[in-house]
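Okay, so chain A shows up in both of these, paired with chain B first and chain C after.
Let's look at the complex of A and B:
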């Protein structure tokens, strides 16, 4: 995922090979009924269920609800995380004061507070947005603090002695130095928002992809459940590859 | 609190503001400043809950503390549910360490093993496991099995990844040196590889604990017919939020305790480094 190892051709080949192997093992197990179809339905049944899902109107409305929630949660997390992180990083004292507090909050599993989000924001998408936003806030804020407070003092001093204005200082010294760390926070936050919204929907919701997976499990419809699960996993893997590709490209510049 | 502390500093002279800033700016002062912030936040929350908030959403902290003893801890069934969760976390974490360490050593031992399997581990690591939660409950049932399995599936990957990463960082020169001096595989592991991977291993243990807690709690909340998920659901539905907050704070304290145990162990085992 990070650096050279995650992006070589050999790595990709191994990953694709692994996925193909998983598919073949799945096929073999299901075709010979070595695992009950309740836990592992036949891939063809899953494919048929997926085709039915996509042709029905439910699929895109569920995907739309989840996608909107993720985007909203991530937007709130990024804006608030960058703002709080940057403000805290402005002085050494406030960094020392607030950074351990924010880190300590992040060490508590925020999932615990999910029932409170449901209580306050109801069972609709708003509770999932709030939950994802709070969860996603921490990596952005912590990495923004780490990025901006980690800028070498000698760079700042050198720029100041050469008469850099405040905006020049930010544009040419602080931002380039902090950028890689901040971007890592943004990436972690995105996948946390992604997983939190889906998890929140699975635990307590009336709509969305997570709710559909939980619902299919409750109705003992493994084919439909697997269709959703495979859809989400494939989406997540593609997103991950795209993001890590963009990130490693960005590092080269 | 800050007022009482300031009086002890008065002999240093200066205006009250200067004295306060000198106190909070001092080497120990930062800790006091943090504690004061926490106390301030608690007071603000209490006042907000008492004066402004809707009582069905935000109960005052004092009421939460009271219901922790009157409702949550007094109920033997809730106590059992919380104790079960502690057991599940412990077992899931133990399994994560055992399997993560064993697999990590097996994979990380050779460069070929690292290069061929690490991409697969990273691929699995990227999957949002939460979509598998309904499947876990379907396969492992509503009881402890699904919670332990889900906690394990979350906890094992960070440990595995960090063990492999830690072994990669061992300087090949040391390994060759030890081998040429006739070190056996066990000697090699005990005296060369293990000391080098300790920092990375403990980073994995810390993250593994966070993830195990996440996995177990997600499964606990998902299963709403028994365990903690049942009580959070009941308390949320009866519009009596104080016990809901109380059980959540109790579990948060348990989670922090688990995290702290790992950190204390880390400090003990990495002391020689400093």
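Let's look at the complex of A and C:
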């Protein structure tokens, strides 16, 4: 709450400093050969492997496959999660009935069913999209239920007494009241889709970034593997910043 | 030439009836279920234009329920309520506005936006919004906080603004459900004075729920004393004193007489209400059953 603006710069500096420190430790460990290069290659080797990757032509098609899968999985998760969550939240009875069921399903490690996704959707991107969508559905649905069923009854009562129509009630009361909780669900879902698609690709796939990481590991090419991993980490950090930015912009409205 | 028009105390016959409640009963839950509650039992009440009426009674006697029925937020189980002759079947935002106990300012909007949205809900043309908002905020001395968010204000300021929002809606009737309950005593006295002045200036009809005897006497033209649940009208006390009322009124012997009279009336009802809560015999579900 207090002094939030004044602290932003210092907070950022600490965060960047942490990343730099991780890089330096890596560098120190690898340069002194304190860890075998098979597990932890030298950053320079990784950089060279990365340059080769990008110029190789396979890179962008793998990134394209993965990104497309993530976007599709996330799209399905968001649309279905919002729809189901909103419908369930409409009555207290359906909330009491379905909310624990959905929460229980989310508690099951859905990873266990990954082989079934492969059986049903094949080894191509479709199985990863379905897997990510199913996993990502839960946080959206659960937070949508929590958001909409948690709207203070006194706000609804006040708006009703002022003559709010159904659509006005939704637009000006229910939506803004539920918004912060729903957005948190959207955010969690995004990173679940991101991780699920990449993980799915690494376990069983013919293409995509995850597949390339697993492939490089099998071929004992740690530099190439780390090049991919660092690329994914940097992408995740950038995406996280974009999501946070969009989120805080959204909160202002 | 906008000096407040000092109103004479309502003489009980000159002004037309605005709100008419006839034989209203309210039962929550199925009549046969042992969890059903008879909140109101055959309540009839006429409220005249410009009157300030207080509902007073033990907790759980149905004051909020009666207010909600008048405001069209709750349906009566039997009987009817009318506003300006129209039967009340749902909210009538053109005639009635509410001020609730908790601040119902929407925390996601600034104060100004809160007023605008209320006026929008009510169907007021956009061209009138800013004028009415600023007038209402000025009337409670909160104009400088127009662009603050509710959580940037203290509880007392919030309730001040909440009251101003009810005023900005410019309805003839204002229903207030313990609007000052969350406030400290000094703030509630100041707000009470504001309200009395406002009443004198605007001629609004106000129905006000409170647990404070002093507040009831200080503000009301008529005090409706209700019985413990099921709520019935026990008696009606008239306070013949013109608005706006000055704090000096509280020093007059008549003020404490009325206050004591109310306390005597309520004491038995409050005893009855707490006895019913404590006494397991009258409760339908036995603790040792099943």
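As a convention for this text, the second predicted complex is superposed on the first by the 238 of 253 C-alpha atoms of A that agree within 3 Å, B and C clash if a C-alpha of one lies under 4 Å from a C-alpha of the other, contacts with A are read in each partner's own complex, and residues count from 1 in each chain.
The definition used in the following text is that a contact is a pair of C-beta atoms (placed from the backbone, for glycine too) under 8 Å apart; a residue touches a chain by one contact, two chains touch by 3 or more.
In this text, all values refer to a predicted model and were calculated from it rather than measured experimentally.
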Overlay on chain A: chain C relative to chain B, clash or fit: fit
Which of chain B and chain C A:82 touches, first, second, both or neither: neither
Dominant toucher of chain A (residue count), chain B or chain C: B
Which superposed partner A:178 touches (first chain B, second chain C, both, neither): neither
Partner chain in contact with A:145 - chain B first, chain C second, else both or neither: neither
Chain B versus chain C as contact partner of A:162, first or second or both or neither: second
Vertex chain A, arms to chain B and chain C (CA centres, degrees, nearest 10): 80
Contacts of A:237 with chain B and chain C, given as first, second, both or neither: first
Partner chain(s) touched by A:154 [first = chain B, second = chain C, both, neither]: second
Nearest-approach distance, in Å, of chain C Cα atoms to those of chain B in the combined model: 10
Residue ranges of chain C in contact with chain A within the complex: 71-73, 91, 93-94, 96-98, 100, 102, 104, 106, 108-109, 117-118, 120-123, 169
Chain B residues within the chain A interface of the complex: 25, 30, 33-34, 37-38, 56-57, 115-116, 118-120, 122-123, 125-135, 137-139, 210, 213-214, 217-218, 221-222, 232-233, 235-236, 241, 244-245, 248, 251-252, 255-256, 259
Footprint of chain C on chain A - complex, ascending: 154-155, 157-165, 168, 172-173, 176-177, 179
Contact footprint of chain B on chain A as seen in their complex: 1, 5-6, 10-12, 14-15, 18-19, 38-39, 93, 96-97, 100-101, 107-109, 111-116, 118-120, 191, 194-195, 198-199, 202-204, 209-210, 213-214, 216-218, 222, 225, 228-229, 232-233, 236-237, 240
